[in-house]
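You will see chain A twice below: alongside chain B first, and alongside chain C after that.
And then the complex of A and B:
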């Protein structure tokens, strides 16, 4: 067992590792095995369920008569259930699993008392389940990204606080030495999310907010859950996986630091660009528009840093699944962030606001960037935890192409449809009938792209189950699409 | 950046900075906003009656705001006024009675800020909620039949009941009776009227 682990561990960096460090990694991987696999397994269950609900919501949009007899499956609840399943069930748990493993590896310290994180994980899943059932039963709070009814949120908060504390403790107990950029991002994410989630929920439930201050808290939270929770974890993973797989250090420490602090500073101010033209003081909206524009700095910094690290090694994209998913995610991160900057500019916002274009943007970020990056991380981490290699390069290939084409078609159809919808909305001579009929075809295309994504997830889930059952390839080198040129 | 205290302080300060700007400041500026009274003591925006307030919860439960916004942007920001969705832009004071507030970020359907002005007939709303396509044949709104009961007319028709001629879900001799939730939702929709003048949002009489 430990012999197979050792070979898989030593493989990817391909450099000569000191014997002691290899032993350390084996310890780290052993300590993370149960909790990280628990988070990954439950994440994948929610991904499948979330895909089903996403598809149903999408289909109902152009066929409103489907399953409309039962209040639990009315569009307005299914859509909300989809978002919360993929955000808190899938993405958060994939992020927690990846984050815990990365933190442990980078701190060169085994995860202590891993049982506690498993218990926290169980509570997290109970919290999400209770929240989803509550939404479907009609207890949604109708506050975007915070729909879980009040009785589900304390459970999630406590579960998360435990996980966060464990991650921070790992950082405290790290072996002395260099702190890597991924660790900054992870430490920040594990601290930011409970503060965000706690503050938003307390303000909305325990504190008598009313009127548009709700809107401000809503978008402060909703944008920051992306910017200060999912994005840092995705970037931490990309910062780790890219140098690791190609076997060379990250291009520039200074760019990494600049990227991290400017992201923290500017992203956190972005939220109000969802409210342009709304009933708010103009300074508030303007502050967010400016901060959105300033996002150019962290985004370009990270893009340059990753590109310079990759330079000369793009050939490896043909062989390494981890690298292919991660680099796809990192490139989409640049793209989606630049798109976000343009969408905050009032002239363009005028067209895209209130349309499917924004929905496309959200999917590009949460799927094209974050989810793809998480797939990349899982392809790297899982073999190290279960002690065998991914069984089939063909299945990974299918997963990648279905996901990649699926998300590209989804975002393309939503963007075009949304652009049309927005342009028509802006011209009062177009009737609402023309707008609805004009976007219908694009919504149907979006449903088709959703089928591709769901198929990708089924392939991946099947492959993952094979790994859990130890039915992967035993020993040998990591699973590549084709044999990489060796000698690196 | 190798020490936890330094990282922690940076991470915390950044969070606090944005919280102060986007949460605390708006609250300080707008948290104490009150309805505006005219000479006769009428409050604007007027308080909702309890049934309409209950309807807001039905609106929330069924996710209406994921297709329908409730905000009128000024002329420079969109065509909301041009589409006659409102007579003036909406301002923070319009929402002081709302908790939560359904500003919305999507317009798959039309804005509902003033739907109570455009469509004042409860029966229209009931028929529309029961079968949207029966009132607007190109609509992609889902039906909310689960908010209604279909029952045989025994003797005298139910006082709230109505007929849906030609609807396949309503057999002959049957009528559609709204549940309390449906009545609350319609009361809420009809209560959506933001046409009163506020000192920060005057209503300019439209040219005839």
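And then the complex of A and C:
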């Protein structure tokens, strides 16, 4: 299990006796090139737009008058547009791109008819664009995480169905052999998403339920889309990238299997903890709080596993961008999940619910964990698709540190501000106005950290465009990294 | 017509059954046996265990001449 680690850099000549595998990898990469690059490119476009809207929404929190004359840019629409851009434009497409590539590589089978996934991707982008324009025009639905107007939903569903079917077909046509844990996560995610999205839309838009069940379905969807769509893709990537980059198998494969199946078993019960204190059957909330605690099992198995895999190899964080982003994401995954468990405790929930603390938690999960993991995956995948190496380690470092400090400051300011906000809201001696004014400093700090994140994204997008234009460093085969002479 | 809620419930049960089927298949297929080999399945002779694969920041080692 504990293989000794060579410090030499991989050389293409090592592949002579392994011609077959190399050809296989090259085939897989070639078949994924167009669709995966398409998904990554459009994801990055949405990331930039989403950052802009997020920044605008953040700025409006402490300067409400700004750009308020035009109804399209009022806070209520801008915030929702930001959420949907980053969730469905950026995160989902980054996840689909990574998922398709990983699935193809792990199935050791090329992506068949890649054109179909590109068409699906085009439709997905049209769907997101229609949805965002609809939201800005004021057609937003008052359903959290499902704000896209009803006319955008079928487009998204059909586009997704094509992608999902392709991923599942790839799994069915895989080369015989072991099914790696990442494949389980990916297959599950590709099957769970249509079930979640379809069910929520049928029960909330096509044939709306009434009363408390409506709220139940809303939070069942909103929480599960994080835990059963984004989380498994992020974990699939981490379970592949970390062992692969450091060249050492996962510490305990038993734990990884346990982690997957317990996630599958417990996660879908969690959503009702968003309704603690609400007019809602108490047994449902209690069951959900219990399930939230059961999540300690999958979270800790993943945490222990990744830590033990990394142990003794933390030095490699200095040399590999993929590893740096992925390990950051994996560590934040543990942190954000444990934080989520504490937030399901009713006494703590009473303080943090409906405050900026929750917003901080959401950003920690979607950015600190998922987005960082996706950046890591992109740093690994893109060179293999375009055939040249990332141009500048310096730009990658700027990207990493701006992102890392940005998200740390953002979550810190929101958490502290939110905690104080929640505490004072429970204290009758303070007026609402005083409390709102008290949060302003924290919100300004959040806007500043948002600028850092936006800068990080600009650097990354520029670097990515250089790669698309094949202006990266040349040399060696795409599957291997050569070492630059200067690390910058 | 069957109310949509029941249809959704039926699909839900189907999905749950497929999860049970998946874990049954995995156990029968030997996916939970020889776990060590499973962990090594992402490595092969071209990219073996013990060989890091992503070294952009690496200093000191000179890059081989570009072909």
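Basically, the second predicted complex is superposed on the first by the 457 of 488 C-alpha atoms of A that agree within 3 Å, B and C clash if a C-alpha of one lies under 4 Å from a C-alpha of the other, contacts with A are read in each partner's own complex, and residues count from 1 in each chain.
Just so it is clear, contacts are C-beta pairs under 8 Å (C-beta built on N, C-alpha and C of every residue); 3 or more make two chains touch, one makes a residue touch a chain.
Worth saying up front: this structure is predicted, and the values here are computed from it rather than measured.
> After superposition on the shared chain, which partner residues are touched by A:389: those of chain B (first), chain C (second), both, or neither?
Only chain C is touched by A:389; chain B is not.
> Considering only the touch criterion stated at the top, classify A:282 as touching first (chain B), second (chain C), both, or neither.
Touch partners of A:282: none, neither chain B nor chain C.
> Now for A:25: first (chain B), second (chain C), both, or neither, which partner does it touch?
The answer is second: A:25 touches chain C but not chain B.
> Between chain B and chain C, whom does A:240 touch in the aligned arrangement: first, second, both, or neither?
second
> Please indicate which partner A:347 is in contact with in the superposed arrangement: first for chain B, second for chain C, both, or neither.
Touch status of A:347: no partner.
> Report for A:264: first if it touches chain B alone, second if chain C alone, otherwise both or neither.
Once the two structures are laid over each other on A, A:264 reaches both partners.
> After superposition on the shared chain, which partner residues are touched by A:321: those of chain B (first), chain C (second), both, or neither?
second
> Looking at the overlay, what does A:141 touch: chain B (first), chain C (second), both, or neither?
first
> Please work out whether A:199 is in contact with chain B alone, chain C alone, both, or neither, and reply first, second, both or neither.
both
> Quick check on my understanding: which residues of chain A belong to both its chain B contact set and its chain C contact set?
Residues common to the chain A contacts of chain C and of chain B are 178-179, 191, 195, 199, 203, 209, 257, 261, 264, listed in rising order.
> What part of chain A is in contact with chain B in the complex they form?
Within the complex, chain A touches chain B at residues 60-62, 64-65, 68-71, 74-77, 79-80, 138-144, 171-172, 178-179, 184, 187-188, 191-192, 195-196, 199, 203-204, 209-220, 224, 228, 257, 261, 264-265, 268-269, 271-272, 274-281, 284, 287-288, 346, 350, 353-355, 358-359, 421, 425-428, 432-433, 436-437, 440.
> In their shared complex, at which residues does chain B touch chain A?
Residue list for chain B touching chain A: 1-2, 4, 7-8, 10-12, 14-15, 17-19, 21-23, 25-27, 29-31, 33, 59-67, 69, 71, 73-74, 76-79, 82-83, 89-110, 132, 138-147.
> Contact residues on chain C for chain A in the complex?
Residues 3-5, 8, 11-12, 15, 19, 23, 26, 31-32, 35-59, 61-67 of chain C touch chain A in their complex.
> Under the stated contact criterion, what part of chain A meets chain C in this complex?
By the definition above, chain A touches chain C via 1, 3-6, 8-11, 14-15, 17-18, 21-22, 25, 106, 177-181, 191, 195, 199, 202-203, 206-207, 209, 240, 243-250, 252-254, 256-257, 261, 264, 316, 318-323, 379-380, 389-390, 393, 396-397, 474-476, 479-487.
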